[in-house]
Amino acid sequence: MIHFDSDYMEGAHPRIMERLCETNLTQNSGYGTDPYTENAKKLIRSLLGNDSADIHFLVGGTQTNATVIGAVLHGADAVIAADTAHINVHEAGAIEATGHKVITLPGRDGKLDAGDIETYMQAFRGDENWIHMSNPALVYISFPTEYGTLYSLKELEAIGDVCRRYDLKLYMDGARLGYGLVAEGNDVSLADIVRICDAFYIGGTKIGTLLGEAVVLRNSKLIPHFFSYVKRIGAMLAKGRLLGIQFETLFTDNLYFEISRHGVEMAMKLKEVFLSKGYKPAVDSPTNQQFFILPNRVIDHLQQYATFELWGARGETSSVVRFVTSWATKAEDISALAAVLPAMPA
Amino acid sequence: MIHFDSDYMEGAHPRIMERLCETNLTQNSGYGTDPYTENAKKLIRSLLGNDSADIHFLVGGTQTNATVIGAVLHGADAVIAADTAHINVHEAGAIEATGHKVITLPGRDGKLDAGDIETYMQAFRGDENWIHMSNPALVYISFPTEYGTLYSLKELEAIGDVCRRYDLKLYMDGARLGYGLVAEGNDVSLADIVRICDAFYIGGTKIGTLLGEAVVLRNSKLIPHFFSYVKRIGAMLAKGRLLGIQFETLFTDNLYFEISRHGVEMAMKLKEVFLSKGYKPAVDSPTNQQFFILPNRVIDHLQQYATFELWGARGETSSVVRFVTSWATKAEDISALAAVLPAMPA
Amino acid sequence: MIHFDSDYMEGAHPRIMERLCETNLTQNSGYGTDPYTENAKKLIRSLLGNDSADIHFLVGGTQTNATVIGAVLHGADAVIAADTAHINVHEAGAIEATGHKVITLPGRDGKLDAGDIETYMQAFRGDENWIHMSNPALVYISFPTEYGTLYSLKELEAIGDVCRRYDLKLYMDGARLGYGLVAEGNDVSLADIVRICDAFYIGGTKIGTLLGEAVVLRNSKLIPHFFSYVKRIGAMLAKGRLLGIQFETLFTDNLYFEISRHGVEMAMKLKEVFLSKGYKPAVDSPTNQQFFILPNRVIDHLQQYATFELWGARGETSSVVRFVTSWATKAEDISALAAVLPAMPA
Amino acid sequence: MIHFDSDYMEGAHPRIMERLCETNLTQNSGYGTDPYTENAKKLIRSLLGNDSADIHFLVGGTQTNATVIGAVLHGADAVIAADTAHINVHEAGAIEATGHKVITLPGRDGKLDAGDIETYMQAFRGDENWIHMSNPALVYISFPTEYGTLYSLKELEAIGDVCRRYDLKLYMDGARLGYGLVAEGNDVSLADIVRICDAFYIGGTKIGTLLGEAVVLRNSKLIPHFFSYVKRIGAMLAKGRLLGIQFETLFTDNLYFEISRHGVEMAMKLKEVFLSKGYKPAVDSPTNQQFFILPNRVIDHLQQYATFELWGARGETSSVVRFVTSWATKAEDISALAAVLPAMPA
């Protein structure tokens, strides 16, 4: 059986496991006050070229989104997101649990459109009843999106621009950031993200760590006393070193980008397999998540040999499926898949 | 200047004010333990033909919705509502403030469709990722809707049926319930509502009281210790008698229905004025809220003589406006409006 | 039967009822945008001698405390209060429902002591583990306290001083503010309160209105977009005029102070009755709430003629009782009580 | 420098690290649906002798407490705890962030007293104003307590008894459970805990894992849909195997108790060192946390050679310090400490 369910099916990248074992017996104070954590922050600040970036390590993606978004919003403030956004669909209401609404705009292959945001804000400001409405204060985007797609630099600039004009903060969910940065055709750099977004996170869980996400705030004024939100939601690890060591390793010798490149390379091979056999992508993704429309009987056949996710509910005759690659995907896995995938039935 | 902005522009119906003055110096214990409140509950239970109905008086509509919905939902539970629902649009995120998501389905003239609910539930249950999604546990409908429209008995039964089959509770926002019950063509009775809904409220603020809404729970098991939610959200009035006296008066000698009938009668006259002059309704409402599409220059003209609400943002050449009637609207107000409303420009 | 249970046993002061009836048919826009509300704010600002005070009318005390405190606190912030404070004991966890801890210090006859606050803050700042602790950000005091007692100006200045030195905001619950301001021996003026506190409220419910509390924020920067918190917690009345008209009346011709003086005058007579018969006060209160320690058999006897509150649970042989007076208490009520109160048994 | 700051200064016990490395490349589905997790649950159920126990793995202690307590409580429900309880002092208001009050009773060396709970409940039930008070619904105890102390079986039975009589659930924080179970003089068994408590957790972080706590609910009816609370607070790990593998290892070949025994053995040696040099314990702890009262100049001296925690703020002449041992503490560490600790100055 070959597995393409997700990019979190194994433990950590071997170099990370090695480093965890090497350092296992050193003694450090807790809650992220250890030197590994300090060094990991330095490495990230240096990569970002931003000395005043305020960096925090959290455990998982839903937790990170809820902590950051819940801390930025006050009173009747709300966050704008695509209807397909992870925070809207797959976080069991974690944002609402912080007391704030997710205002949805139609996703376009998972992406928000700057024009749609502007139209919404104009209608909001022109509405006599705005005082009774949730107040849009933040925009949430993901890069890559939940559908593996990417914003072009032009699109991202346009969103940043509309945010500034309407006094909205901009937050990017980077659960799979690396896969986006190294994708073919991508023209958005880390420096662009730092410049345009008020906050974002660099995902670890899906790019080689056991767990962990690195939050980057433009500066510490964005969320004063951020640690107090982290502690209060139960996100602060006693053994904070576990996050520090992993992110230190990830940003040493370019491991983060090496992992990302391998994942995307495997995904492109996998995509080629599907395309060459006549299947249509549900969306054209240049990153490590691939979505295809498969006849249900092809799905039934494939499930004898491979695991992957049905995306949404099963359709009547065909359904959307998701195949995901990672640092652990091997070229043989793709060949094995190719060997069992029939050509698209006529 | 004639006023059609809302049905809460005056104080209370004169009979209510009289009764408040009459009883002003009697002394009662606080927090709803007074005999007026007890009697008001009896009158409502008798009207509903349900001796085990659990009745509570709250202050306002947003507060009522947040208290009931917040108490029914637990954990990752969410409430399903039309995208145009008051709880989704005009309550500043009060439901989310209780920690729960509002899942929206497309409103059809303000109404939810039983088939849409069923489709959503089927997709939810067929989704491998349902565990990461908000759990639909309650359906919110309004009667009349925010657009003045009504569910037919058949439509309401269909919603009740889908709720039972998918283990969803059903809650009806009756901020303007009376206007719906007495509307021409309405075939839904209070007894039907009691039978089909798990909870609903009978609105007072918009039907003649100074303030106050009467929550009806099918029985006290639906929300154990309801008072504790009421107190905790700050909805419990020290002078609870203020609610008891008003609802007692409202349900004595049919005042509630008398007020409702007058409001609807005035609305029908007003509708006739617009239709006869060639204007199109934005939605066909048989109740006390009327929505019309007016050219912007007609709006500008009318605003010299009358006040009313622009519904949403102003359009480029024409906009939707809302005119509302109440117990206090006089036939002369309608005539005065007719006198200043020009015919629809060609 | 004579009633001393509380100061909210009747409707409103007759002048308020008259004014509500007089204005009942005038038409106004909703949600506090009416001219009565505007004028009430002006009258209060003028009384306070502070043109930039930001004033809002809410419905009840628990709601007011939860709205203001919940809006001032962020993240792991907490409010310091006496253990006997209304927010700690009698609001069913409304503050915690906004997500924040009430840190308690021992009440001294209901009062916080500036020295106790300082000691707490020193320990907090000296604690290596402060990062894991709730962050004290606000101090809550009540004037009069829940035991009817008052801070002297010196005591209040000392609290204000410790708050400034430790970067704590200061909020005063003035549910019965008037009774304190007019009490014999009181040396705290409204101007002092405005100068020392960041926020407070002037209670209406217990001083003559049907309902309503007037929140005073030093300026609108303390809580940006306060209305959004008000709306979101369901505290915004559609007929906002109901609050405006009542507070306008209360601050016209000194009605607020007239009511307060009458209530205190009656309380002093009542106190004299108890003292003269040999009973001991549980606490020495100069305001309209009086607490006495009564043998249980005296309580049983009295309950045939009068209603009043048992304060806390019944003791083995004697218990603490609360007697409350108001604008509606008559001299005859006190005489009637005197007639049935036996001398303290030996 | 020797370190006694805490029991979370290293990574994981070597056997756990080995097992994580061994299994690193096996592929599993996410979110705790892997076979390691399934097996870990089986091992724990077998150890507890309770087949219907509902077991969940979470990340950290504060998160675990907030998730369980927040899920058990509804409306105005509150949790009773000792004033020294972790949830009251060192969780930055995480319980209050779920909307519920922590009601505190005086801790006796960190322990709640059954009699104090009964007294509180009697007063609560006898209070006419109970409807305005937070409703005690759950009791929180820790075993060992935050001061290293233990409940005797008799004390625990008494608490269980008062809980049953007053309809309170009982929850035990077992962050350091193992150290308590193996302590000399302890007469409480796991079977007793299962029998008496409705819920508890078996801590991993402080007993050898990188992170992780195992929640045990008496049965799945206690908190229906527990996973939805876990997901919503962001506690669900994508790589749930990380928890499964660690707890599987911990409960294979008695590792959990082996670690616990070593920690306690080292603590007893350390205690002997202090006692033999004439220092007084702040509290008499039989577990791996030791609290001593040291003159400040002894503290200053020791800090040249060892790290440990000041417990609370520094006193004027002497202060309370905490020394903690773990699986990683070596006998040499204790000898080294003995070598630098002067005798108690006269």
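By letter and in written order, the chains are A, B, C and D; residue numbering begins at 1 in each of them.
The working rule: contacts are C-beta pairs under 8 Å (C-beta built on N, C-alpha and C of every residue); 3 or more make two chains touch, one makes a residue touch a chain.
Not measured: the values here are computed from a predicted model.
Q: Touching both subunit B and subunit C: give me those chains, sorted by label.
A: Chains in contact with subunit B as well as subunit C: A, D.
Q: What chain is the most remote from subunit C, judged by the mean position of CA atoms in each chain?
A: A
Q: Of the pairs C-D and A-D, which shows more C-beta pairs in contact?
A: Result: the pair with more contacts is A-D.
Q: Measuring from the mean C-alpha position of subunit B to the mean C-alpha position of subunit D, what distance in angstrom results?
A: A distance of 50 Å separates the two centres.
Q: Counting only Cα atoms for the centres, state how far subunit C is from subunit D in Å.
A: Result: the chain centres lie 41 Å from each other.
Q: Can you work out the whole-Å distance between the CA centroids of subunit A and subunit D?
A: Chain centroid spacing, subunit A to subunit D, equals 34 Å.
Q: Can you list every residue of subunit B that touches 2 or more other chains, as numbers and ranges?
A: 76, 91-93, 97, 99, 131-132, 135, 228, 231-232
Q: Under the touch definition given earlier, write down the residues of subunit B that touch subunit A in their complex.
A: 76, 78, 89-93, 96-97, 99-102, 104, 122-129, 131-135, 309-310, 312-314
Q: In their shared complex, at which residues does subunit C touch subunit A?
A: 31, 71, 74-77, 99, 131-132, 135, 224-225, 227-229, 231-232
Q: Quick check on the complex: what are the subunit C residues that touch subunit B?
A: 3, 5-6, 8-12, 14, 17, 20-21, 23-30, 59-67, 91-94, 97, 205-206, 210-211, 228, 231-239, 241-242, 307, 328
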